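Below, chain A partners chain B and then partners chain C, in two separate complexes.
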Partner chain A sequence: MDDSLETTRREGTHLLVRAGEYACALPLAAVRRVVRALTVHPLPGAEGELEGLAEFGGEPLPVLNLARLVNAPPGANPAYPVTVVAWAGPAAARETIGLSADAALEVVHVPVDAVVAGDGGLLLGEAPVGGEVIRVLNLEALGREA
Partner chain B sequence: MEAESTTAGRAGEHTENALLGWILVVGLTLVGYLLLSLGASAGGPAWPRHAFLVLGAAGVIAYGLWVFPHFRRLERRLPEGQAGWEKQEAELLVAFEQLGAGDLVRALEHTRDLPERLAKISEAASEALSKLAQQIQDSSIQVASAADAVNEIAAELASGSSEQAASVVEITAAMEELARTASQIAENASRQAALASQAEASGEAGSAAVYEAVAGVEEVQKRISAIANRADALGTRSKEIYRVLDLITEIAQETHILSLNAAIEAAAAGADGRRFSVVAEEVRHLAQRSQESVESVRNLLDEFSSSIRATIVATEEGSKEASRVLERARVAAAAIEELRQASGDTSRVAQQISLATQQQNSASDEVVMTLREVSLVVQRMTGGLKNLSSTADRLNTLGLEIQLLAQSFHLESPRSLKHLVEGWAKQLEQVAETTERERILDELVRNAPFVELGYLMGLDGSTQVLSFNQDLLNERQRALAAEVRKTDVRTRPWFKAVARHWRTTLIPPYESMQNSEACFTVCTPLRNGDGSTSAVLGIDINVTGWTRI
Partner chain C sequence: MSAAAAGGFLLLRRAGGVWGIANAAVEGLRARGDGYRISAAGGALAADEILGVVEHLTVRPSTAVLRRFWAEAPAGLAVHERLPVVVVDPRRPPAALRLDQGEGADEGRE
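Showing the complex of A and B:
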């Protein structure tokens, strides 16, 4: 599994999703599954990017709002919102989380050298894809920030 | 003396006649005795002649003893009786003379000394004549008044008839105008009836056309309703298509997500999953194309739905418009039907008006004919009334003449003008002063509304007193009357008439010098204490005022 992740990172294959007005690229190796937006049960006292808990595969799944994570301005009303089930956190202590996005667009290849470095955290960098600047995210950093 | 000698001569003549009668009786007795003696010598008895002789002798003695002295007494009383008879004859003559002059009052005074029976007869005759004259006076006044009234009425009626005739002429003209108008109305009514019939026929045609239009609009409405139903059905189907599209979209999304998951799995498979990732990519492309196709179909369907909605709206508006048109058409049909019925009624009424006006025209013609006849009758009546007026004038004149004739009698009546003027004369005879006489005469004239003028004239022709009736004569007329002071009244006919016998006289009517109205004069002499005439009192009587009285 670690190999595939590394491979994916190297090869630069990402899942492109829409979060608000931003297009965000998630490393395909960190993505476990894309499902239609799961029913989220808000947690009492929860705030910020945590929307609540959903049920996935019989297990509770914390769901984070991706648009809030990347501070994206709100976009149009999504027609088919999705929940991206992914691993987050460092490879040694990764956890499965859900990221709610407005739409799952496609699988794209983002060359590493095309990525302009970001803040070193969740936002790995930005890269132009198809005439649009996308935000390349580093989900491993998500666990650390959390 | 001559009368007494005549009376004595007549008494001796009667005594001689009585003596001759006695001698005649003696002679007749002797002649009878001789004749009886001659009869007895023929052999008859002698006692009849002796008896005749005795009776004759007794008769002669009785005549001598009774008749002759009686005659002697009568002869002695005869002059006295003769004087009485002559006095009575004189009174009777005076009475008849007064009667002949129409003075029944004085005639009656002169019959009082006649023998009682004759006096009663004369008094009764005078009273009867007085009553007759008085009745004639009253009747003549009434006749004159009635004639005057008839004259006034006839004049009013004649005036009214003239106005009536003029009115009838005007009415006739108006009726003729009415008849002409009725003809025009009848003609117009006939035209109106024809026009109304045409309008009724046009109304029927219009009503049929409107009913056809209504039917057409109803059919259009049905069609529009069918279109609306179809459009509605299409809308329903469009919704189903939308649901299908939604389903396809959902499937495409699911496919898209599936392809993404496949790509994820292929990536996870590493080199082994490379081929699978290609398939996943193809599937994602397929899902994307499906979604794009769905979007195209959705867009087309949106346009289609929009068109259908527009169609539905249009059909609804068309249906509403058709309903409005239908309603209006029905209202128009009802109005046309009412108009047609009204035209029919108008036609019938116009025909009735035409008929009625034709009848009115005929009636107007008859009325015009009748009015012309009435006009002729009124004209004849007007002529007759004028004749009646002139007849009444003549009757009035006759009544006045009768009145004057009756007034020629002096009656013991307040209506007798001679009696009136003599009464005034007696009052004036009581005083000698002229001023007092003037005052009395003024008062008398003022209380007699029919007297225009009263005057007292001296025997020398001078005017002593002149009194005017203020109500009958105005100032100018009084000034005219005062002109008499400048004249010698002895030359006037009325003065001459009085002076002829110095008795109360009535002068026939003449035109008044003052006011040109008919008047007549009654005048009487004023006596002094010795019976001589001192002045003449005259009053001018207004005929109209007198007849009114």
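Showing the complex of A and C:
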């Protein structure tokens, strides 16, 4: 496999997670760890997307609710909810966040040219994977101030 | 009860979270109903529980993600004994800590 093809494959490799009724693809390069749902301490007055703060590796970790971020309809009660510890924000100013999700599903390859109709922000676009339309996310957009 | 105006942080619990205030800013602390009233930086803060005083916290700056989804402006973030701590600037305390914004605001006024 030549280098450019390998790079393209790596860029298109995503962790697929369940968030409510949606399946969301997170760039695998941005994923640091997937752990059983961390205990989250609420931040009074925070917007609904921000569940609160957790501790991870001895550091404070803001935890966002992925289903709320993508406006997913609620799904079935999750049997094994997870926190995806990931990088957010642009490479020069990236920060670690937690994303609470209902389940981690699998690693999939999403060809860049299969992604359509994003919002220019967190939602890079949608793509068909295994008979389901998935939401492909751009975590770099999360670190931008509103 | 007076808090020592030395280094370190006073840790308290309020509204389900753990908060830290630099000891140097704490002017007084006394019981108030089921909780506590803390005098700091000329204002009054409320606590449900006092967790104690720690000499050292490694305080990290707030993050862009926090600022985007939380309108408060904490002095920083830390972890103590695996609990995340929001370090507060008592001159700009979060609404949840302000005694004049919380329930029973008129109680315990000095």
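Everything that follows uses one rule, which is that the second predicted complex is superposed on the first by the 132 of 146 C-alpha atoms of A that agree within 3 Å, B and C clash if a C-alpha of one lies under 4 Å from a C-alpha of the other, contacts with A are read in each partner's own complex, and residues count from 1 in each chain.
Here is the rule we go by: a contact is a pair of C-beta atoms (placed from the backbone, for glycine too) under 8 Å apart; a residue touches a chain by one contact, two chains touch by 3 or more.
Remember, it's a predicted structure, so these values are computed and weren't measured experimentally.
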{"item": "Of chain B and chain C, the chain that contacts the larger number of chain A residues", "value": "C"}
{"item": "Contacts of A:Ala29 with chain B and chain C, given as first, second, both or neither", "value": "first"}
{"item": "Contacts of A:Glu106 with chain B and chain C, given as first, second, both or neither", "value": "first"}
{"item": "Contacts of A:Glu55 with chain B and chain C, given as first, second, both or neither", "value": "second"}
{"item": "Touching partner for A:Gly125 - first (chain B), second (chain C), both, neither", "value": "neither"}
{"item": "Which of chain B and chain C A:Pro44 touches, first, second, both or neither", "value": "second"}
{"item": "Touching partner for A:Leu15 - first (chain B), second (chain C), both, neither", "value": "first"}
{"item": "Common interface residues of chain A - those touching chain B in one complex and chain C in the other", "value": "none"}
{"item": "Footprint of chain A on chain C - complex, ascending", "value": "15-18, 60, 63-72, 77-79, 82-86, 94-96"}
{"item": "Chain A-touching residues of chain B, taken from the complex the two chains share", "value": "253-254, 256-257, 260-261, 263-264, 267-268, 270, 277, 280-281, 284"}
{"item": "Chain C-facing residues of chain A, complex", "value": "41-47, 49-50, 52-55, 58-62, 64, 88-89, 93, 95, 97, 142-146"}
{"item": "Sites on chain A touched by chain B in the complex", "value": "4, 7-8, 13, 15, 28-29, 31-36, 80, 82, 104, 106-107"}
